[in-house]
Amino acid sequence: MRLALIGATGYAGLELLRILSRRQGDELVLVTSRKETGRRLTEIFPALAGEANYNDLTLTAPTHLSGQADIYLLAAQHGAAMNLVPELLRDGAKVIDLSADFRLKSAQLFDRWYGPHSSPELLPKAVYGLVELYRQSIATASLIANPGCYPTSIILALAPILKASLLDDSQVIVADSKSGVTGAGRGASQITSFCEVSDNFRAYKVSGHRHSPEIIQELSILNGQVVKLTFTPHLVPMNRGILSTIYLKIKGQPKLVDLREIYLEFYRSDRFVRVRPLDYPPETADVRGTNYCDLGLFYDQESELYKIVSVIDNLCRGAAGQAVANLNLMTGRPEDLGLSGSGLRP
Amino acid sequence: MRLALIGATGYAGLELLRILSRRQGDELVLVTSRKETGRRLTEIFPALAGEANYNDLTLTAPTHLSGQADIYLLAAQHGAAMNLVPELLRDGAKVIDLSADFRLKSAQLFDRWYGPHSSPELLPKAVYGLVELYRQSIATASLIANPGCYPTSIILALAPILKASLLDDSQVIVADSKSGVTGAGRGASQITSFCEVSDNFRAYKVSGHRHSPEIIQELSILNGQVVKLTFTPHLVPMNRGILSTIYLKIKGQPKLVDLREIYLEFYRSDRFVRVRPLDYPPETADVRGTNYCDLGLFYDQESELYKIVSVIDNLCRGAAGQAVANLNLMTGRPEDLGLSGSGLRP
Amino acid sequence: MRLALIGATGYAGLELLRILSRRQGDELVLVTSRKETGRRLTEIFPALAGEANYNDLTLTAPTHLSGQADIYLLAAQHGAAMNLVPELLRDGAKVIDLSADFRLKSAQLFDRWYGPHSSPELLPKAVYGLVELYRQSIATASLIANPGCYPTSIILALAPILKASLLDDSQVIVADSKSGVTGAGRGASQITSFCEVSDNFRAYKVSGHRHSPEIIQELSILNGQVVKLTFTPHLVPMNRGILSTIYLKIKGQPKLVDLREIYLEFYRSDRFVRVRPLDYPPETADVRGTNYCDLGLFYDQESELYKIVSVIDNLCRGAAGQAVANLNLMTGRPEDLGLSGSGLRP
Amino acid sequence: MRLALIGATGYAGLELLRILSRRQGDELVLVTSRKETGRRLTEIFPALAGEANYNDLTLTAPTHLSGQADIYLLAAQHGAAMNLVPELLRDGAKVIDLSADFRLKSAQLFDRWYGPHSSPELLPKAVYGLVELYRQSIATASLIANPGCYPTSIILALAPILKASLLDDSQVIVADSKSGVTGAGRGASQITSFCEVSDNFRAYKVSGHRHSPEIIQELSILNGQVVKLTFTPHLVPMNRGILSTIYLKIKGQPKLVDLREIYLEFYRSDRFVRVRPLDYPPETADVRGTNYCDLGLFYDQESELYKIVSVIDNLCRGAAGQAVANLNLMTGRPEDLGLSGSGLRP
């Protein structure tokens, strides 16, 4: 297959290039960038020199895309994909969109959080690219909405409970998430400058973050009815990783060992979810550079709350890695092609 | 006054030395260390050379303490103070204990979380050294139990609501706290080594941390009845700082602007609590090296939960700084002697 | 005295505000910012709320400055001071300029590294504000050129040797310097974003950095003839601190213990230089938030090279701290007013 | 081939496991650890769960090693290999030793820096495992002395100049190196604790480090006569990476563009050395997790010194990666088997 990478110069693009450099089979034939048109790829990312065919690639403008590739990986800013996708699909290409443009099923909800959608008719066609939940549909989809990073960490943490109708909704679910700084993108910004982030910790978008509707949409589907949940993101002085600490009540107050069985069973065929031994709190460094989601299960006797700790690499599992897993499914390859091997630790 | 610092070579000791180097009036006459007996203070902490009388101080063993000082600052490991305090008090000295030895009012509870207490008869005598709540009692106390770092951040965040009987207890309070690494102490340990902490994030003691009973004790006093709360600590790759994100329901769902008024009124005379403007999420770097506790108030319309974000410097406000505030009250000095001036940022 | 701070919103400005919040005696009456005109100071820097008179200060445009203050601290970008200073001096005010505008004595050299100078006639009038070398002249100066951060670390490291005519010039001096990221300023920039700096290390301006002529100018004055030296700056993933490792040959190959005597004697009356014990390599964290320069002396028997390790806090000693030391001298205050007390460690 | 990893629980061991998880062909049949005997590998390193055959491996004691494998990768502490190697070689196995035990050719020199050698007769048999210099010998060797991390970065930087007899020895070479903290190993230690390293920078072993004789040995072989060089290591608050800044005089003062040609020619067939474009200063993040050594060439007109900037990943290229490159050569595989693909950035 001929692959195209649209929006190659952000961190999601760079992570895709990293993963593709380890993946055999398909050829990357096109890399685009609006800002860096005409420059050689390895000039922007000297780290890539010498790998795959990257020394030979030059960034082009994201125009006249149709016909240049069979599958398009869209790693552009939110709002760009919705304008590019209609034509690509018309021409028979497949698209994996890493932005938020096709994640919400409701155009109204999209409008409220992101602004007006230019291709709302495509929203129902998009498959939410979380392989553990939608593996079958992904394999045959032509448009994948690659999940957001925070949603990935939270949905995988709660799916087994919701699917088993175990949620006790007398307590609002609290999802307290902490992310590395790559989540904010590669653009220059004072608030993500080294000196403002280093030796510092802060929350942001405390009253509402646009990943909330995505999280609630998917959890509610799993639950069969609307889930009540609050979500707070925080910024950690580290490059990669998301850790979500999720607080909830569970019906019947199962023992942790039994709860763990439910998780093991749910994720039995899933190579990229590791249900951790009891009492091992997952760490983001365990998944750095990988497509894993590690889950830890805890119970606080005093308050009778359960706590699920979920970690992913926001750039890999939360973006480029799961895009490649989707690509693998769409091309009939092993789900972990290009994604195997342990991560970088330390 | 003659001051003694018992346990000078940990991070709380070092922070006390830093603050005392800026504070006029009392003289530090004794510094002790079990491990480093006989070495000069500035040999252990070269950063202190040239300040106050530190070039002249040599670490002695923590024995025969009585009579050497008027006020003893105890910055030793948990379990040490309970054996030293009885004699010191008998001899008429005053004690500010930075360990957990005298924080819990119940000897049974202490036993469950820390082990047997050797001086349980002193527990009722100890004053909990949180100046905003116990200023009067502190001024005349002979034994101060200096609050824990996490409890400080959480109690100050909730006191105005609990005191005003505004807590809606249909939802268990969630206190999700994140701490810098100095909280783990100065001893060598693999899990706090640079390479295990850097570019990593993790939770710990998820099922129960021994600061929980301290938090619940003080909140329940404020509330007039037992408060239900779960607390989870996390480790942030930074040196200093605690940020607690606290989720709760509030009776009558007040507007944020009104809630803020309640906070402003409650902390009207408190120099070290800053109730932040609405929509400004406090950052740990804002309080680095200071005795401030900054509070931010938020509301999530969807879930109807309030979120209080509270930040302190765990070593200063959460340990040495508030010990010095207590010292100031006990010696009739301005509460901020040695504690004024803005912090180090960046 | 009435003080004005021109260019208050950069890191040097913030550091000045931090130090002045601990310093009694003079009043800050004016803070200016071109970009943030009209905003309250504590809105830009919430960390400053509650200290000194900062809650009451609003940023004004840097116009009509004359007559508003007695001493002007200029912390603006390079190139701004040379246009402001003539009028201020004419009106009898004194100026401490933290930029590079008045550091070089040669207008030609300035032109080569920085561009044309608009007030070259003032260059001979400016006193280089390194208190250890020019204390007398500073006290009576009306225009201080506050030294650059790298030059401060290197000049103090070499002054005793050069002054004693001990340099063996058969080997070019190598000054390999490493700086924290605050040295790059507070503006948004991709190359100083957290994700580009964290877990990374790099050199920059390897073929020539504009601090070179300043270093060589001052060293040559000390030496009595031109000194040959190469200087390379590097960027360390930390906020503050400069460490310079300096390699040179010394005439007569003195023993380290004798060399140390020369340093101790040279800096006998200097409160802010700490000549460290032999075999203790100074660390930047030892001087964080202070005006110290710590020096360590080493000798490599194999190569017969001496190595001087010098550390400072680039924002304090390398900018705002030494500006305040100059201010103290100019106002007849103790040199360390506002600058005493040990630094923040960790 | 059956592979054994002796000393699996240090950082070099972990990095070998990471690389081997991506490498096909040989099977890891044995992992040993003195301290963690009997524990499962993934208990020590949860990050490895789910990769290769690691879920099935249990750490055994490093005894009765003979016959268990065909090639032994020794990642134990200095001093362990010299006692294990004689028997392994006698039994026909091959050994790649990542410690310093077999790097020096002179037993006397070894004794001076490391202590007495128990198998000095093997020193001449060991091949120094730097593939760019000794590719032929490595392929047929039975004992490989895997190079030290600092020496790798410095030797590769200077080899083309020395080999071309271009060194002007009127100036002692200065090699100023900066390393991430993984270089200090995985053991608990106060000086490598997060709070002592973070926001800090320091030099160590300034008067002499035991990598010096290794560096000088190899450079002198290249040069045809003894090279005079001083080496200073520094500790950077980052996990991985070494950057060496090397200062020297070059005969005839070639233009940089010509010097670069010499480098390009020298490393023409070397997949793991990237001679960078002029004016691009290599960064450690460019090589994180890879086997690359990136080189940048600079010239300072004022001092007439050349500066070579060299970066590697100390754990990969400086230890495990180059061990695997050696393994590949010894087993007739492509040199980059398991080592291809771009690194993790950011």
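Per-chain numbering from 1; labels A, B, C and D assigned in written order.
As a convention for this text, contacts are C-beta pairs under 8 Å (C-beta built on N, C-alpha and C of every residue); 3 or more make two chains touch, one makes a residue touch a chain.
Computed from a predicted structure; not experimentally measured.
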Between B-D and B-C, the pair with more C-beta contacts: B-C
Most widely separated chain from chain C, with each centre as the mean of CA atoms: A
Whole-Å gap between the CA centroids of chain B and chain D: 46
CA centroid of chain C to CA centroid of chain D, Å: 38
Rounded Å distance between chain B and chain C, as computed from the means of their C-alpha atoms: 36
Of all residues in chain C, the ones touching two or more other chains: 11, 182, 195-196, 198-199, 237-240, 282-283, 285, 288, 346
Residues of chain A touching chain D in the complex: 11, 14, 17-18, 21-22, 45-52, 54, 182, 198-199, 239-240, 271, 274, 276, 280, 282-283, 285-289, 292, 294, 340-346
Contact set on chain D toward chain B in their complex: 11, 181-182, 186-190, 192-199, 237-239
Residues on chain A engaged by chain B in the complex (per definition of touch): 170-172, 174, 176, 178, 180, 195-196, 198-204, 206-208, 212, 216, 228-230, 232, 234, 236-241, 243, 245, 247, 279, 281-285, 288, 296, 298-305, 307, 309, 311, 346
